[in-house]
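So, here's a batch of structures to check.
The two complexes that follow have chain A in common; it is paired with chain B in the first and with chain C in the second.
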Partner chain A sequence: MSAPAVVFDEVSKFYGEVLGVNRVTLHIPPGITSLVGPNGSGKTTLMNLMTGLIHPDRGSITMRGLSPRDPEHLMGITGYATQYDAAPRWATGFSFITTGLLLYGHSRAEAETKAWKALELLSLTDAAHRKVAAYSKGMRQRVRLAQAIAHEPELLVLDEPLNGLDPLVRAETIALFRSWAALGRHVILSSHVLQEVDVISDQVILIANGMIVAEGEIRNVREEIHEHPSQFIIRCRDASHIAALLFNEDHITEIKLNEDRMGMLVMTKDREQFSRALGRIAGEGHRIDSVIPADENVDALYEYLIGGSN
Partner chain B sequence: MKKRFWTRQAWTIAKIELRRAFFSKRAFWVYGLALFPALIFFGHGIEVKLRRDRLAARGLTSQALLDSTTKGESAADVRRRLGAPARESQYESRRRVRAKGEATGITTHIIEPAEARFVRLNITRPSYSGEPTARIYEFEVYGTDSASNLALNRMATGSSPCSSDQGPEKAFNGSIAGGRSDSWCTHEYDRFLQVDLGAAHKLRRFVVKHASAGGEREEADTREFNIQVSNDGKMFATLASSAGARFMDERTTNLFLTYFDGRREAQLQFADGKLVSRRITPVLNFEEDRQVFAGVFQFFYLRLAIFFGCLGIFMNLFRGEMLDKTLHFWLLVPARREVLLAGKYCAGLIAAAVIFAGGALLCFGLMIWPHDPIEVQAYWQSAGLAHAFWYTMAAVLGCVGYGSVFLAAGLFLRNPIIPAAVLLGWEGINGFLPEILQKLSVLYYLQSLCPVPAPTDKGAPALIQMLLAPAAPASRFWAIVGLLIVTGLVLCLASFAIRRMQITYGSDT
Partner chain C sequence: MAVYRRGYHRYRGRITGHWTRFMVLPRFAWRRLFRQRLVLLLMVVALIWPILCAVFIYLTNHAELLRGLPRDFQNFIEVNGNFFIVFMRVQAIFAIFLAALTGPGLIAPDLANNALPLYFSRPLTRSDYILARLLVLFGLLARITLIPGLLLFGLQTGMAGGWWFWANWTLGLGMVLGLSLWVLVVSMVALAGSAYVRWRIVAGAVVLAFFFILSGASVMINEIFRVTWAHAINPSWTIDRLWCAMLGVEPPEGPGIAACAVTMGVTILLLLLVLRRKLRPVEVVS
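Right, the complex of A and B next:
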């Protein structure tokens, strides 16, 4: 039986005449998936579509086999921390989370226990009984996150979840996402901070102007882009000689020697041939200290695919 | 099992929302609407109690003594029998009247015998009222033998008449009974009437019959005039004149005595020491107050207070959350959208029912409060409890009906003014609609639940009566059933809307 997935099938959403997303087809397996794109690209639209806050004009969506038009069942397994900064005026942090849990069918005692646990995880226990309206922006971000995770959902949808978190909380939160994903759950988050996407994500979805530009593991996405050469950084002693040998290969398009002459940046059209060539050179007795792909990160992908950068 | 779970969820939502429903800053004016009539009745009660205390301060008069006063009785006798009044006031009035003995509308002028052929009546001030119209019904001229009117049917001339049938000849036709067309009338500045006797006669007496002699009001009588004679119709001599009737000032001393028997206030008016009028009214009229309450309840409380109060409470439940950008929290809970709708409706209904049923009961209580306890007890034992119950029911069912409409409106529309204006207009024209459409109105059902019919002015135009008192179904049972059916239909529409609802308060996309 295949792992439950989040599936978008030819989904389009328009806001009047303005395009939200267009003919989006996605298959998101369990794990940590990042939605990456510039402002206005459609990230929040996708998240709102997933959780039923808006409905598609065309196409269909299933979330681990459930429809977003069935909130009774879907929201029982889903937690969504939105970008909307408002909170009920009457709510303290504690009551904000407890109230939601009561609606999940928990008893008052269970709801309070779970709420407290979520607040502890996000380091909000000191402020738990203050009104959410009086929180700082970062605290409001954390309490939304706490509310999303309090009922331990199988599907976590998070809109820019790491914004405003201090490094310790950020690390703990990332660890939580990883442990969640390891249990076979979905963690779908959006971010502008490409480095953290690189670090935490299993897969990435690049979106621009309401359309999916690329999706999958970062490495696999990168491998799809054949027309752009791969980059590798080689550290070695005899850089000039090795560079001359590599230059004879047809698949090499560019070599830049480091200033210290102890390494070089190589661009190749064919990774397979490149690795065979390296093997040959190493076999001839030339010492190669390390070979590192220089563009298997989102920055590079972004630049290639979308043309923007952070 | 599922239904129990849904019910529990809806109740949880309702409990959370009760706070917003009761204390939303956007809807605090709802309390003002609910309590405003109570304030009016409270003020009325205070005013009555103070008035009763003031009247009773000088002691009470027995009911029998109050009823025993008769017209013509002197003030001194009344004081002696009834004692010191609760209140007393006096003033003098003045009236201008004609001197006694003057025949109304007819003046007679006797002169030294003088020979003349032409007689002329010149009017310098046409009327007592100030109206610039002169009117003479008959002008008679008698000779020394006083036997016959020498001017009768003689050739007459005068100022231009008011109309063709009011010419100078009418003053010499020997008649005054034919109304205005049997008189001479002129608006001209130079007002005169002249008769040619045909030949010179020795003249002794003139009789002038003015407006009131012909049946008109005394104010139209000629105020100032003179009579001239001539032999040639050219040279005239004045032989008589009149400045009109004499007026005198009639002064009257008016005394008002007020007596109080504990329930009724008697106002006795004396003119020159004699009782001329007696007015006995209860300080408080329970029946009248119940009628007033019925009118206030139906015309203000149902049509305006509950209507706009439910608008404020129910439209805020979804629309307010949309404006606060907090609605998405509700759409992200694991509950059917219909359960969310039910929970919010319950919250709004509980709040509205408490506020408006409470307000109605408070107002009802304040209406009863200043009345005589015995009278109140009798009322309570007969119809009072039932009246209180049905007023409360009408208020609650008004919240049920209007609440569902405005909850649904809040889901379909952003601007509350539009549904409010449309519904207000619809309720207003209900009486003119076909019967099937009349049933699509909340007020149509509420009116027949009210225990006391609202008073309407029978003299008001039929259109106004129809607007104020539209048609009502026959029985209370069918009114309740009908209202619940309409409410159910509206909530079905609302559940359709909420299933299609999307968050559109605009954020990063």
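Right, the complex of A and C next:
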């Protein structure tokens, strides 16, 4: 049986004459998926469509087999943390989350147990009975996350979930996302911190001007971008000699030698030929310590696919 | 691609029913409202008139206490349609003030905090949210209108006997329907004001202005053009006209019952449209 997926089929959403998203087709498997794109590119619109807060003008959406037009069932399995700091200031963190759980249909006793567990996961137990008004920005961010995860949803949609978190809580939260994803849940998040997206994501969705620019695992997406040469950092002893050998290859477009002559940055139009060439060079007895892709990350994808188009 | 253990199982425990979940919102809001001293104070003040009405009922049912008073006065004090109309008019004004005090706090903060997506990402629909907010105000205003009214009706029935009930049950029915309609309109005005103006104090002022400015405007138009139809734009007058018809009391001069019913219906429809337009889960660019 195939894993339950989030499926967008030719989805378009317009706000009057303003484009939200246009003809989006996606198939998101379980795991951590990051939505990446500039401000106003349509990330939040996609998230709102996923959670049924808005409905598409065209196309259809299925969230793990459920329709966003059926909030009664969909919201039972979905946790959504919007980008807004919307927790009421007069409520305590504990009462805010407990009330949310009552709305999901849990009994009071169960709601309190689950609320406490969520607060524990986000290191908020000490502040549980303090009013949200007295929380710091990071704590409000954590309570925002806690309300989304408290009912243990199988589909988490999180808009900028790591903003404002200190490094320790950030690391714990990322570990939490990973453990959920490993259980086969969906964790769909948006983030502007590209390095973080790189570390967290199983796959990325790059979006610009309401259209999907790329979708898939970072490496696969990178391999599909032929107009930008791939970059590799090579660490080796006789860099000058290896550079000279590499220059004989047609697919090599540029080589920058390190000042210490112990490494270089190589740009190639063909990753496979490059890999074969390196194998040949190593076979001839030249020592190559490491080969690291330099642009196999979201930062580079963003620059190639979105930054370049602007 | 990560390798998943697929160890997650969907929650299979018991889930409370739709209406139990729906009632979480009003219960939470009532608890908050009753913590506000001003709300409690206004509710206590609003109950003074019903207590005086109860004393009146007691007096009319104890002829021995009225002995010695002029015959005309003894005939005047009678529990009938006029008695209930006066009771309803006074309580209707308190309902406006209570709605202006409590209504803006129900929606304006949610809009100001962008909290609507938070509600709608629960198993709640937009209609549920509006209905829950209406219920908060309806429940609150009923405590100073419908419930005291029914208690007075019950008190009179208890003191006068079953014959009075069978002779006047239409008064009770008219009062319940009339007050329910008024409470509904006042609640919707308060919610619409709260949905339009995000600053609570201003939203409260808008609610008061809706009733008092329309009342003033209708009087001005009637005076300037020497007409009576402008009463129809005054919700207080319109409801009063409907109450008179429901309780069989001599109506004031002005538009007929049909015109008033249509005006009231259109007002409710417009208020509903305002609420549906303003209460969207996400801000929509137009």
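Side notes on the structure shown:
We take it that the second predicted complex is superposed on the first by the 302 of 310 C-alpha atoms of A that agree within 3 Å, B and C clash if a C-alpha of one lies under 4 Å from a C-alpha of the other, contacts with A are read in each partner's own complex, and residues count from 1 in each chain.
Throughout what follows, a contact is a pair of C-beta atoms (placed from the backbone, for glycine too) under 8 Å apart; a residue touches a chain by one contact, two chains touch by 3 or more.
Note that this is a predicted model, so its numbers are computed, not measured.
In the three-chain model built by superposing on chain A, chain B clashes with chain C.
In the superposed pair of complexes, A:G37 makes contact with neither chain B nor chain C.
By the touch criterion stated above, A:G105 is placed in contact with chain B and with chain C alike. Applying the stated contact rule after C-alpha superposition, one finds that A:P161 touches neither chain B nor chain C. Applying the stated contact rule after C-alpha superposition, one finds that A:M75 touches each of chain B and chain C. The larger set of touched chain A residues comes from C, when the choice is between chain B and chain C.
Touch criterion met: A:H55 reaches chain B, while chain C stays clear of it. By the document's definition of touching, neither partner reaches A:G93: not chain B, not chain C. Of the two partner chains placed by the overlay, chain B and chain C both lie in contact with A:Y84.
Within chain A, the residues touching chain B in one complex and chain C in the other are 15, 44, 48, 51-54, 71-73, 75-76, 78, 80, 82, 84-88, 90, 99-100, 102-105.
Put simply, chain A touches chain B in their complex at residues 15, 20, 39-40, 42-45, 48, 51-55, 69, 71-76, 78, 80, 82-90, 99-100, 102-105. Within the complex formed with chain C, the residues of chain A that make contact are 3, 15-16, 18, 29-32, 44, 48, 51-54, 71-73, 75-80, 82, 84-88, 90, 99-100, 102-107, 110, 147, 151-152, 154, 180-185, 202-203, 217.
Taken together, the chain C residues at the contact with chain A in this complex read 1-2, 4-8, 10-11, 13-18, 20-21, 24-25, 28, 32, 109, 113-115, 117-125, 281-282, 284-286. By the touch rule above, chain B contacts chain A in their complex via residues 5, 9, 12-13, 16, 19-20, 324-326, 328-329, 331-337, 339, 499-500, 502-505, 507-509.
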